[in-house]
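We call the chains A, B, C and D, going by the order they appear; numbering starts again at 1 in every chain.
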Amino acid sequence: MLVVMKQGASHAQVEAVMSKIRSLGYEAVRIPGNRVAIGLLGSDRPPDADPLVGMGGVLRIVRISQPFRLASREWSPENTVVELETGATIGGPDVAVIAGPCAVESEEQIVETARAVRDAGAVLLRAGAFKPRTSPYSFQGLGERGLDLLSLARRETGLPIVTEAPSPETVPLVAEHADVIQVGARNMQNAALLQAVGRAGRPVLLKRGPAATLQELLLAAEYILLEGESRVILCERGLRNFDSHSRNLLDLTAIPSLKELTHLPVIADPSHGTGHRSKVAPMARAAVAAGADGVMLEVHPDPAAAASDGGQAITPSQLAELVPQLRDIAAAIGRGIVREIPVGSEAGHVA
Amino acid sequence: MLVVMKQGASHAQVEAVMSKIRSLGYEAVRIPGNRVAIGLLGSDRPPDADPLVGMGGVLRIVRISQPFRLASREWSPENTVVELETGATIGGPDVAVIAGPCAVESEEQIVETARAVRDAGAVLLRAGAFKPRTSPYSFQGLGERGLDLLSLARRETGLPIVTEAPSPETVPLVAEHADVIQVGARNMQNAALLQAVGRAGRPVLLKRGPAATLQELLLAAEYILLEGESRVILCERGLRNFDSHSRNLLDLTAIPSLKELTHLPVIADPSHGTGHRSKVAPMARAAVAAGADGVMLEVHPDPAAAASDGGQAITPSQLAELVPQLRDIAAAIGRGIVREIPVGSEAGHVA
Amino acid sequence: MLVVMKQGASHAQVEAVMSKIRSLGYEAVRIPGNRVAIGLLGSDRPPDADPLVGMGGVLRIVRISQPFRLASREWSPENTVVELETGATIGGPDVAVIAGPCAVESEEQIVETARAVRDAGAVLLRAGAFKPRTSPYSFQGLGERGLDLLSLARRETGLPIVTEAPSPETVPLVAEHADVIQVGARNMQNAALLQAVGRAGRPVLLKRGPAATLQELLLAAEYILLEGESRVILCERGLRNFDSHSRNLLDLTAIPSLKELTHLPVIADPSHGTGHRSKVAPMARAAVAAGADGVMLEVHPDPAAAASDGGQAITPSQLAELVPQLRDIAAAIGRGIVREIPVGSEAGHVA
Amino acid sequence: MLVVMKQGASHAQVEAVMSKIRSLGYEAVRIPGNRVAIGLLGSDRPPDADPLVGMGGVLRIVRISQPFRLASREWSPENTVVELETGATIGGPDVAVIAGPCAVESEEQIVETARAVRDAGAVLLRAGAFKPRTSPYSFQGLGERGLDLLSLARRETGLPIVTEAPSPETVPLVAEHADVIQVGARNMQNAALLQAVGRAGRPVLLKRGPAATLQELLLAAEYILLEGESRVILCERGLRNFDSHSRNLLDLTAIPSLKELTHLPVIADPSHGTGHRSKVAPMARAAVAAGADGVMLEVHPDPAAAASDGGQAITPSQLAELVPQLRDIAAAIGRGIVREIPVGSEAGHVA
């Protein structure tokens, strides 16, 4: 249960409510966010709202039926919209295209790809500088050098950047270079990392783990939200599959399910979700049709030469063919494709 | 390996090829279908084509890299198109809407629903007369009485019928009433049933089992194809799920995967695939966007009163809203929605 | 809910109870079995027992909390013990070893293997005459000829036979030759087959499907029990696996779980459950340690030459080494290994 | 491929080999461990051993067919045995019992439980001080205070301690108090944590993630081994389950599979693996029968009052009943139960 205070509630009123909550046998926790709100924790008994109703400064009592609270629709009936510096939004009425290579490999590769995906309609550049890998013998990314190249690509193209922070100690450095910090599927339940990104002052893109329930995903988001970062984007990227026809089993039903459960934006990653280039475009279309707020696509100018995951990367020209299809599909459900002026760019809307 | 004979190949030429195959240590099997073709079975050694190339009447040698043969793209590069009596097609350029209640419950219910789904744009009426159920205590369908009501609905509306045959002995009876015979997910590997429907002279709608690989699905189709029935429609209806947010885990990536592996039509069932009414429309849209040749939807005039699976049924008016969205999404990938003159109907195309 | 009548309850008393049940809005169903019992079906409302308590001839009212009824522990607190003609039991205090080849291949193979597994301690010979296979191109078994060879092996060795009936029409023939009829994992929800074996007058060995819940398995058993056959043996044989280290994922926890839920015997099949010869013995030992009432093992005199599943077959000498380990493990939990006089045999207990 | 040098190989010989490897286009990496060995990395081409065979100081060339190298049986045919300060071993001929509460809750609780599990036959005390939880609202453990209490319990009972480090920054603190550092299932692919524990100078207990393949588990172990810590104990604790009959799906076949693939010790955790108290003992017995080098059991003096996971904890008296059964089962496969003098204890072997 959450007690939401009125805008102008006084400090004394807030303290009185917290004191009353404690006297009822609960812990009273100030919840970060625009609204002054106080959560009741520390007991599994369903709390009784009666003693709190009508106290000075109390706006309303929100009962939360889900184990996640700040992430729930009950807490915020309106959709959370994440706005980038360029004005591009994720979670608003339109659908965002996020694209770029699996990993930063070189200046030429990242700048060329960034230009190509921007021209094709992407509003956020994805690329890994730190690459958590299953095998310690696989390419682990360029690290800090990769982050510098991402900043360079940002300056050259005006595209904001999303890139992964693989551990708490890398978060400050990643936050310097990235507009959005990604938490990878392997780290979805890495609480220390979730808390670190929740304090970094950047929106967070949180990928669903390969065997995580939606409740577990939303509880992972809750770790971030409780640190005060309200801009969390959820990403479906496929579940562990018993059938080798696709690398992972993309659970697109998670999109409408999440949209019912939470106010947070929901996107899909059909590149990791399928693992095969030929299936990326159909599943990107399907994700938009299912109601995704965005799609994240691996694009590489020369997939065969990619340092990682080349088999699932599409080419810039394939992306350029796909985006108009996504626009038509979005239109079928009353949405558009996000098209915004890149950071520091002279370019206007790309019609 | 398959040896395809020329159109005018003589009986003697065919016999000579079969004799040669046997002399090489394989079994020679005449494959049903339009083309005269002879399969080499009975050994796991990759056969050597040399002795067969150039024999009289031999058109070409088809090497099949998959364990399924007649179902493979290698066997038939062109798509199989299933044509119903009305002229409506499944597997052609356009997308077919199949709709109706989970089960036939009464004359009024089935005729009313049939009219509603026809008017909304469906070209095939689905409804169960025999209902295989997990529990022997659940409603098992009206049986033969249900088939009679389906025939009545067909006469009243002109809509062809797809309904399930749950066992070999019910196949002849179902074939009398149905335009398409359904094999349910529980029976996907019921070989006796697959063989019985393969001999019934009707197209077959084969649902993927809840833990079946695509290879297993295509090998199940192969059982039907080997009996001489080439009109097999594959249906993705969701896999066993560890997360209760959806009843099953709809594997939409199976659609582009199957389209690569096989020439058979592929449809999706978002009703069983999700199990929740609110998710049926998003996932139907997603299926079309992913390239499905059709969607099969549970529609009930009063879902709350349905004898089975009411929670996943949409209403006729929800279907009427959905079909135009499906049309727009199909258009985004260069397809239309199948709209044909119902059987015996005076009505023209429903614009 | 079930109403159990007293031993000497009169026909009129039974009719009165059934009439009362109908007047309460339920269907009244006579349940097969030793006890005269009447089940209440046809409504999801939890029935009210009050009007039935104290009626003439009523012994007690059994509330069943599970969707399966006859299969539940509530219906029968005592274990069901399946007794073979030899006196060997499955489901009693001791653990039964069932062994034999995947498929009957020849007279020599089956008789030789039967002798070897009998001498090693098996009390039931397993072998397939009808072999349902994923691919129509795989060896499908010798069919009726295989059944004749099984009968021959029975005469030669005194071992009773368990073999699969793949379809309703094969049940009468299989019942002539087999002591126990097997329903395979692919057919676990083939209701027509379950009903046919339930009327065949033979104990049934029902294998769990590769993605079936225990509740689904017990509801499948319920189809058999409702036909009047109370001797149903449940078999865990592994679930669909995402990891290739084992062919299936043997769910041994299902053994203690099933023993809590049902009174039926529970065995495990570590041969199909693992798919690798080297893992059969460890998992057979584990199954007995987990409380299985028996293990079913594929044994072939020459695994490399087996017509099917050779990779998971152990040799007779490996079986002979395993059985004493199983005996020691059974002893650790106060059980023995079933050792009974084979049918028509002069031999006494094999110490 | 790994080049193993002779014991007395000179620095110059090692340098010469590394130089040759680089000239062949590979990276040359000194592998930590007792043996001087050099790994060839950085290319997917299978390296050619010829130029290295016969170079000065080269003992032998080890070809590794698996993606994990140091963890593979090929690298070390002999089992790795982890020896605790008490002399108790994990991975040797005998089976180790590890037991204790889910979490440290109080001095009384942990000391009482430690005494009880020691007296019942445990040789390592498990208990969480840091408790990574799915929900941020769940009890997260006592943290540093919990570690102090564990050290106290160690002094009082002589039992060594295994406890979890949830993040890299907690590793040094945990290493001060723990004899073995645990990496939890949620963190199996947290590379920064794996590397941190690999440098902490303590044996590591690595739990398999709920959807991890054995290859992924062994590659996670490889991250630790590459840091120089060779004492890694692998723990099967159950996979994501679609059936609620058990909390997780304990994959006991992983035990014989891992024993084939790796030289590292393998234990099982039937408490998390099943989630139900009544199934812990059967599955602990099964794990030993399957060849586990140890079992890890949650034991709480008052399970109903436990702060976390009480439903899966057994009581000390249930443990005392179980250990003799485990001893008998171990004996059936020629093993014993590890019984060692606790740290600083006067007590001798507990017969």
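FYI, a residue touches a chain if its C-beta (ideal position, glycine included) is under 8 Å from a C-beta of that chain, and two chains touch if they have at least 3 such contacts.
Values in this document were obtained by computation on a predicted structure and should not be read as measured data.
Touching both subunit A and subunit C: give me those chains, sorted by label.
Both subunit A and subunit C are touched by B, D, going by the contact rule given at the top.
Averaging each chain's C-alpha atoms to get its centre, pick out the one most distant from subunit D.
When every chain centre is compared against subunit D, the largest gap points to B.
Round to the nearest whole Å and give the separation of the Cα centres of subunit A and subunit D.
Taking the mean C-alpha position of each chain, the two centres sit 34 Å apart.
Please report how many Å separate the Cα centroid of subunit A from that of subunit B, as a whole number.
Chain centres of subunit A and subunit B, defined by C-alpha means, are spaced 38 Å apart.
Subunit C: which residues touch two or more other chains?
211, 239-240, 242
In the complex, go through subunit D and note every residue touching subunit A.
Residues 41, 67-69, 132-137, 166-169, 186-187, 189-193, 209-211, 216, 219, 222-223, 226, 239-240 of subunit D touch subunit A in their complex.
Report the residues of subunit B in contact with subunit D in the complex, numbered from low to high.
Within the complex, subunit B touches subunit D at residues 240-242.
For a test of understanding, state which residues of subunit D touch subunit C in their complex under the given definition.
It is residues 211, 213-215, 239, 242-246, 249-257, 260-261, 273-274, 278-279, 282-283, 285-291, 325, 328-329, 331-333 of subunit D that touch subunit C.
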